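We call the chains A, B, C and D, going by the order they appear; numbering starts again at 1 in every chain.
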Amino acid sequence: MSKIAFIGLGHMGLPMARNLLKAGHDLKVYDLVQAAVDELAAEGAKPARDAREAVNGAQVVITMLPASRHVEGLLLGDGGLLESIATGSLLLECSTIAPESARKVHAAAKARGIELLDAPVSGGTAGAAAGTLTFMVGGEAGALEKARPIFQSMGKNIFHAGPDGAGQVAKVCNNQLLAVQMIGTAESMALGVANGLDPAILAEIMRQSSGGNWVLERYNPWPGVMPNAPASKEYDGGFMAELMAKDLGLAQETAQSSLSSTPMGALALQIYRLLLKQGKGKKDFSVVQKLFVE
Amino acid sequence: MSKIAFIGLGHMGLPMARNLLKAGHDLKVYDLVQAAVDELAAEGAKPARDAREAVNGAQVVITMLPASRHVEGLLLGDGGLLESIATGSLLLECSTIAPESARKVHAAAKARGIELLDAPVSGGTAGAAAGTLTFMVGGEAGALEKARPIFQSMGKNIFHAGPDGAGQVAKVCNNQLLAVQMIGTAESMALGVANGLDPAILAEIMRQSSGGNWVLERYNPWPGVMPNAPASKEYDGGFMAELMAKDLGLAQETAQSSLSSTPMGALALQIYRLLLKQGKGKKDFSVVQKLFVE
Amino acid sequence: MSKIAFIGLGHMGLPMARNLLKAGHDLKVYDLVQAAVDELAAEGAKPARDAREAVNGAQVVITMLPASRHVEGLLLGDGGLLESIATGSLLLECSTIAPESARKVHAAAKARGIELLDAPVSGGTAGAAAGTLTFMVGGEAGALEKARPIFQSMGKNIFHAGPDGAGQVAKVCNNQLLAVQMIGTAESMALGVANGLDPAILAEIMRQSSGGNWVLERYNPWPGVMPNAPASKEYDGGFMAELMAKDLGLAQETAQSSLSSTPMGALALQIYRLLLKQGKGKKDFSVVQKLFVE
Amino acid sequence: MSKIAFIGLGHMGLPMARNLLKAGHDLKVYDLVQAAVDELAAEGAKPARDAREAVNGAQVVITMLPASRHVEGLLLGDGGLLESIATGSLLLECSTIAPESARKVHAAAKARGIELLDAPVSGGTAGAAAGTLTFMVGGEAGALEKARPIFQSMGKNIFHAGPDGAGQVAKVCNNQLLAVQMIGTAESMALGVANGLDPAILAEIMRQSSGGNWVLERYNPWPGVMPNAPASKEYDGGFMAELMAKDLGLAQETAQSSLSSTPMGALALQIYRLLLKQGKGKKDFSVVQKLFVE
């Protein structure tokens, strides 16, 4: 079992850290929100008063933060946390951030002799709690082999996407495609229902045909088609529309740096921003269905 | 075994008729192209000199034509074929046409005492040859039960989509979603590769994650990722881009009649029309990948 | 002065007919709504009890109806109004309808020896009242010369767009471009204001620069920038969003028949349909601004 | 007359500097490309060997560089050029860069007691040569009054867009709208022509109607409609498609920071990126017309 420091105990980080604890690791935790630290301390984790104290003595450091600026702000620069992490240790940066930002952190970690993996996750808070997250990992294959048992305490599928930053690239590609499929599914459902079809029957036909996708398998946006989907619970829970807008924004930043053309992804971002304007940012991202129904 | 008339022996109709023949049905066939009639006659079908002769004495009539105007032109109006089809017989209209057009033909058939099903297919020429087509059927449940053994000689999944025209509605919804997913997949693949990912690895990650869809399962648009996909054969074979443009046009007509908003489907249509302008209409619809790669 | 029959006295038709009356023409009028007929009768027009009575004895017939199906329903087929219009007379079809529909009516009129012009207008109810409409005319140049004085009683700019149906094509192209510019202006205004600019200053800069367009000249969608624009009157009056959606639908039908790619126009249609779903169809089409503002 | 340092003598900067020279200013110039420096030296400017030498003794410094990174790289940081510019002098930063980047430079200049204006231009190389550029200026009104005579030596319209960065915001809003109008005009022209209209007639009708815009006034994208437009010269000269893609990218960055929804602008960017993939980046941005014509 490893000595692990876990920094960032939000909706995702807290259940991830808990799974490491259950797996028997020696865990030190830190978050700006003291309650989250206390909660894990009550379950056996060692509380740290700041990030520096958390990483002191750790063989593995895991960070799970909201956005690029938090990650860069924490790790880089004079007095940045990288200076306090021991040479030779493993840093698993699990936040979803810009690939460019990830590469910057990789370079800085290398300069300090720290093995870094960018390892954003998919699977949402439910996957974090159940320990069934998917990790998309960028960095050295050797580092991934060392980290694999740690990842396996928190997730099910661990993919090596490629070199430094590749985990982030895979994540933005996947989530862009997911958003496109969600909107495409929602508008096709609405089109069929407006023309007389039963939503459950249409959903089943498309699921088994060439329109089949993950949204139709697990996450139908039409209320009542899947009793456990957010759509059937007034679009509460799940993956918030504002987080999907964030990921689609990262996709556009990534497209900007390669001058890639992504018409569907760009339109998806604009549609999610319309939802945010309507105050639906905290609802599950399948709430886009509502745009298409009277 | 039934006495069946089959009208329309194109890329899809010919292999469908052949499967009926193999199943032991008593088949009379007609097409404007004599060679197609001759080909099936050599295999045991009875050739007809015109549509009227074909349907004479038939218990079941199957039509497989290119577009709404051909179907309406053949069946409706003074001297239309409906006048020559026996009352009480079954008419399986398998063309992909506008739902509104299908409903018009349904009404006319009803007035003549003919049981009509609109039953467009998906699965392409490969599915037609293998007898694994999907039928999306609109009309009376009783008529579908009578027709089921006939459909099963040609296909695998037979869905009852709903009342008159519902088969066509289900088909346009499904194919709209398919087109959106194809373009979304193609642009996400290009985005990932332009940012350093290996196409096969990215494809596999998305396939197993929330970006998963039928395109990633069966029909990857990136050359070389799937050896048997049209993308790996210079985009030859498969489902032609111009046919996808036709189906997306039907989706927009359907949306027009219900004032439905389908931003992704509308954009997909425009993108396929750009491909047609570039002379790529006869290529498989996954050729959209080329738009996004230098 | 001519003997004119005017059929269709809606928001546009009534003020147009009134201007003909003011110009001294001998006017017979008909509408399904008796109140509109009575209103013009009180001002000197001859009321007709049905369309047939209206055209009896007329040298010029003007029709101003909501959509293709009304125009075809009125004029074509057995017992259609064309049968009651005198050979050699002039028929000015001012409704905004599908070019294909206009061509059908042209052909039928020709067969009856009636000179038809398709002559849709732009300028809205304000232009209709002020007699400053724009007419976009399709048909024979000779017929247009005969009709010119009539058009001039109702409008200011009279364009000969080309042969049969060309008036309708010009209208849908113009209105598609107008919708694209309205949305483009609205989203650019919102972008600037969200980033700290004063809306009136931004509007003025763009108006005088390469972003300049008719919307910025006359019809700014941001409330308060132009005191007389619908935007400053809670988006009341003006040109209703649902009529713009209708015209954008005609543009897409026209694009369908030529397989033209119009990505901006297609997206504009989908955005207007979203507004209709939100119950804003009766508001002026500049209400699209609201989508982009919190 | 002022002592002016001009840094950045590219396609825009060189003719701008020349106009300052003609107006009688005492001009010192620098560029990485020696030939550009020599060319102006031959016309009376003082050549500088580096940027530091150029600004030495200057009352006014003008920079005209390709992108944000060049501006930040030149001016900011340890040893940045701001350290060599005299307190109390005026810095006119005319490059088109991200508003956020402009605000960063403003803050650094203020800390050094330098009055900075962000002042991007529109009007292209032709406007730069003719001295008819439009300046969109962000910063203090007092600084603008001091700078006005300098701007007037190079341009015609000088707008005060608002506080620090507002010039850049106005520019990206304007150019986003311009791109939307260009594409909207191009696709509407193609739609009309595909349906039988003469391009010159359609262009004139829309120009005088509610579809009217700057593109139709000055810059028609259909070859032959305007003899002097780039479209009539094989899309050479003018404003390169790749520069429009750059500006649309800045618009999207700006939208990202305010979470603004700009569906038309986002789609325009994707369409320009498709053109870049097709190798048309160096052509005038009206080359987008070609996408819509067979």
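Going forward, a contact is a pair of C-beta atoms (placed from the backbone, for glycine too) under 8 Å apart; a residue touches a chain by one contact, two chains touch by 3 or more.
These numbers were taken from a predicted model, which means no experiment stands behind them.
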Worksheet item: Which is it for copies chain A and chain D: same residues on both faces, with over half shared, or different residues?
Response: same
Worksheet item: Rounded to the nearest whole Å, what is the centre-to-centre distance of chain A and chain D, using the mean of the C-alpha atoms as each centre?
Response: 39
Fill in: Between chain B and chain D, centroid-to-centroid distance (C-alpha), Å
51
Worksheet entry | Two or more partner chains touched - positions in chain A | 255, 260-263, 267, 271, 274, 277, 291-292
Discussion item. Quick check of your reading of the touch definition: is the inter-chain graph here a line, ring, star, complete or other?
Written reply: complete
Worksheet item: Residues of chain A touching chain D in their complex?
Response: 245, 249, 252-253, 255-256, 259-263, 266-267, 269-271, 273-274, 276-277
Fill in: Touching residues on chain D, where the partner in the complex is chain B
263, 267, 274, 277, 291-294
Worksheet entry | chain D contact footprint on chain C (complex, rising order) | 99, 122-123, 134, 136, 157, 159-163, 165-166, 169-170, 172-178, 180-181, 183-185, 187-192, 194-198, 201-202, 204-206, 208-214, 217, 251, 254-255, 257-258, 260-265, 267-268, 271, 291-292
